[in-house]
Amino acid sequence: MKKILVINTGGTFNKVYNPLTGNLDIDKKGKALKEIQNLWLNTFKIINIIGKDSIDMDKQDRAKILSVIQENSETRVIVIHGTDTMDKTANYLAKAKLNKKIVLTGAMVPYSINPTEATANFSSAYGYILGINQKGVHISMNGRIKNHKRVIKNKEKGYFENTK
Amino acid sequence: MKKILVINTGGTFNKVYNPLTGNLDIDKKGKALKEIQNLWLNTFKIINIIGKDSIDMDKQDRAKILSVIQENSETRVIVIHGTDTMDKTANYLAKAKLNKKIVLTGAMVPYSINPTEATANFSSAYGYILGINQKGVHISMNGRIKNHKRVIKNKEKGYFENTK
Amino acid sequence: MKKILVINTGGTFNKVYNPLTGNLDIDKKGKALKEIQNLWLNTFKIINIIGKDSIDMDKQDRAKILSVIQENSETRVIVIHGTDTMDKTANYLAKAKLNKKIVLTGAMVPYSINPTEATANFSSAYGYILGINQKGVHISMNGRIKNHKRVIKNKEKGYFENTK
Amino acid sequence: MKKILVINTGGTFNKVYNPLTGNLDIDKKGKALKEIQNLWLNTFKIINIIGKDSIDMDKQDRAKILSVIQENSETRVIVIHGTDTMDKTANYLAKAKLNKKIVLTGAMVPYSINPTEATANFSSAYGYILGINQKGVHISMNGRIKNHKRVIKNKEKGYFENTK
């Protein structure tokens, strides 16, 4: 069976501390995801694109994500994405009505600072995509994994929750 | 919807370094799992039992796991278990033909030493159990998640793989 | 013999990730230093003051550090301080010509992100202050430990080095 | 000025988890010390020898440590050593009455499991050796840094303390 495709677009998941500036920069080489792959198992294929905070993503970035999904033959796709506009990209991808299983995920805390939450979000997305039958666009954050319309960020609490 | 039940039985997942003896002891209070719960989200219920390496588990221990599954009403159950006899316990639970979704998982490296693999195994089990329709007993280790008969430990390589 | 006094004024050493804002905030409770104390040994007394990046410190802040040193009877004092104006505070304290051994230290990487450099800077300051006879103001950063005028930050390379 | 010489002989400081056996093995390549060097600064020269738990060290091992100290011209030497017979090796080296500053150090917890205590022990030894004038053999463990006869392991409490 084909590997799962992981499209890594940036976001908090990939941030690393830069001692020269004191800022958290997005690692465009996706070292965090490669570390999960190395410490776990090589059961997914990684494509790194964009490398942005999701708040800075524009129409072209979303079109890019869609085209990478379409150009690759894998039917199970995880998209690592910033949390601020994860819902917007999910909506955009859902409108394309692809015949694929897609799960968006990310992190509230960079993997490089504390690997637990980022690993849990990614790995639960991975398990979910192996388990489900239904095609469509889903979100997996903080243990909430459902159709993308039913999982939203609570900006005050700092985690994702189910819609009522 | 009911939370997922996590039965934590010990194994490498829960080992912590003891500076007085230089040994790795099993933490029977399940601090590792509680840390995942705190850093992620409180979407599962934990019961700590047994607290053994799976090589030391006997018939009574397996009967205990079965009875805890039966006594609790949750229909989705993750069992954290040592890796050496995970297959044996899975077989034992499968024979009971429970009308529940059960996934066994564990770790090759203690969470306290490096949290990534343990978190990935647990969280992919969690995602899988949310995604699947079929009842039965499954194993989730190192990105391999299938019916328990199709995932086995490769003791020379140090990870689990699919049977042919 | 009296404990060493550690005055913790903030800086990168104490920064922690805030998932709600995505920023690195200064932890004014000094959790990092307490963790070193707990994992190592309780051989120093901690006073937390100011809680600022050193670039934001003003004359009053420096006067505050000086007064805390003067008010406490310990003759061996470590000051944890941001790196940008560590030299300025060192100069200010040197002018007071106190009859004490003073070492300023800090970190280029927050303890909460990677504990090694912060712990190394602090602990080498600690060892140095136990070893030296001479009174005066010193800086301990990145393995360079000397009179404060002979250790300076190289902002391009991201570490401290000796003056020629 | 010459770098400090660090002779890395093994012990808990250098232990790493082996997923194939479940044991903690001594890393003879000294990856922990190299990591401190890389994250801190390249101000010391490393020689890896022996690679044993100190409880397994024999007369030949101690003779080897002595000969490496004698063969190298550095007058400031840190010896990373297991904790169980650190006092014995210190005594042995003291009898040689070398005209050098020697500090023995090690760890109660492996660097690979939690870097803080190992880094603190090593770095305080480093700072101490830069600060002191007196030649002789010292021990630096858990914030206690003195002549080797005045710092001993408390096996029940799991840390080193001063003799009365």
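Residue numbering begins at 1 within each chain, and the chains themselves are lettered A, B, C and D in the order written.
We take it that a residue touches a chain if its C-beta (ideal position, glycine included) is under 8 Å from a C-beta of that chain, and two chains touch if they have at least 3 such contacts.
Quantities reported herein were computed from a predicted structural model and do not represent experimental measurements.
Of all chains, A has its CA centroid at the greatest distance from the CA centroid of chain D.
Computed from the mean C-alpha positions, the centre of chain B lies at a distance of 45 Å from the centre of chain C.
The mean-CA centres of chain A and chain B are about 26 angstrom from one another, to the nearest whole unit. Per-chain Cα centroids separate chain B from chain D by 39 Å.
Contacts with at least two other chains are made by residues 109, 114 of chain C.
Listed by label, the pairs of touching chains are A-B, A-C, B-D, C-D.
Interface of chain B with chain A (complex): residues 35-36, 39-41, 43-44, 109, 114-117, 119-133, 140, 142-145, 159. Within the complex, the chain C residues that touch chain A are 12, 17, 19-20, 22, 24, 108-110, 112-114, 155-156, 158.
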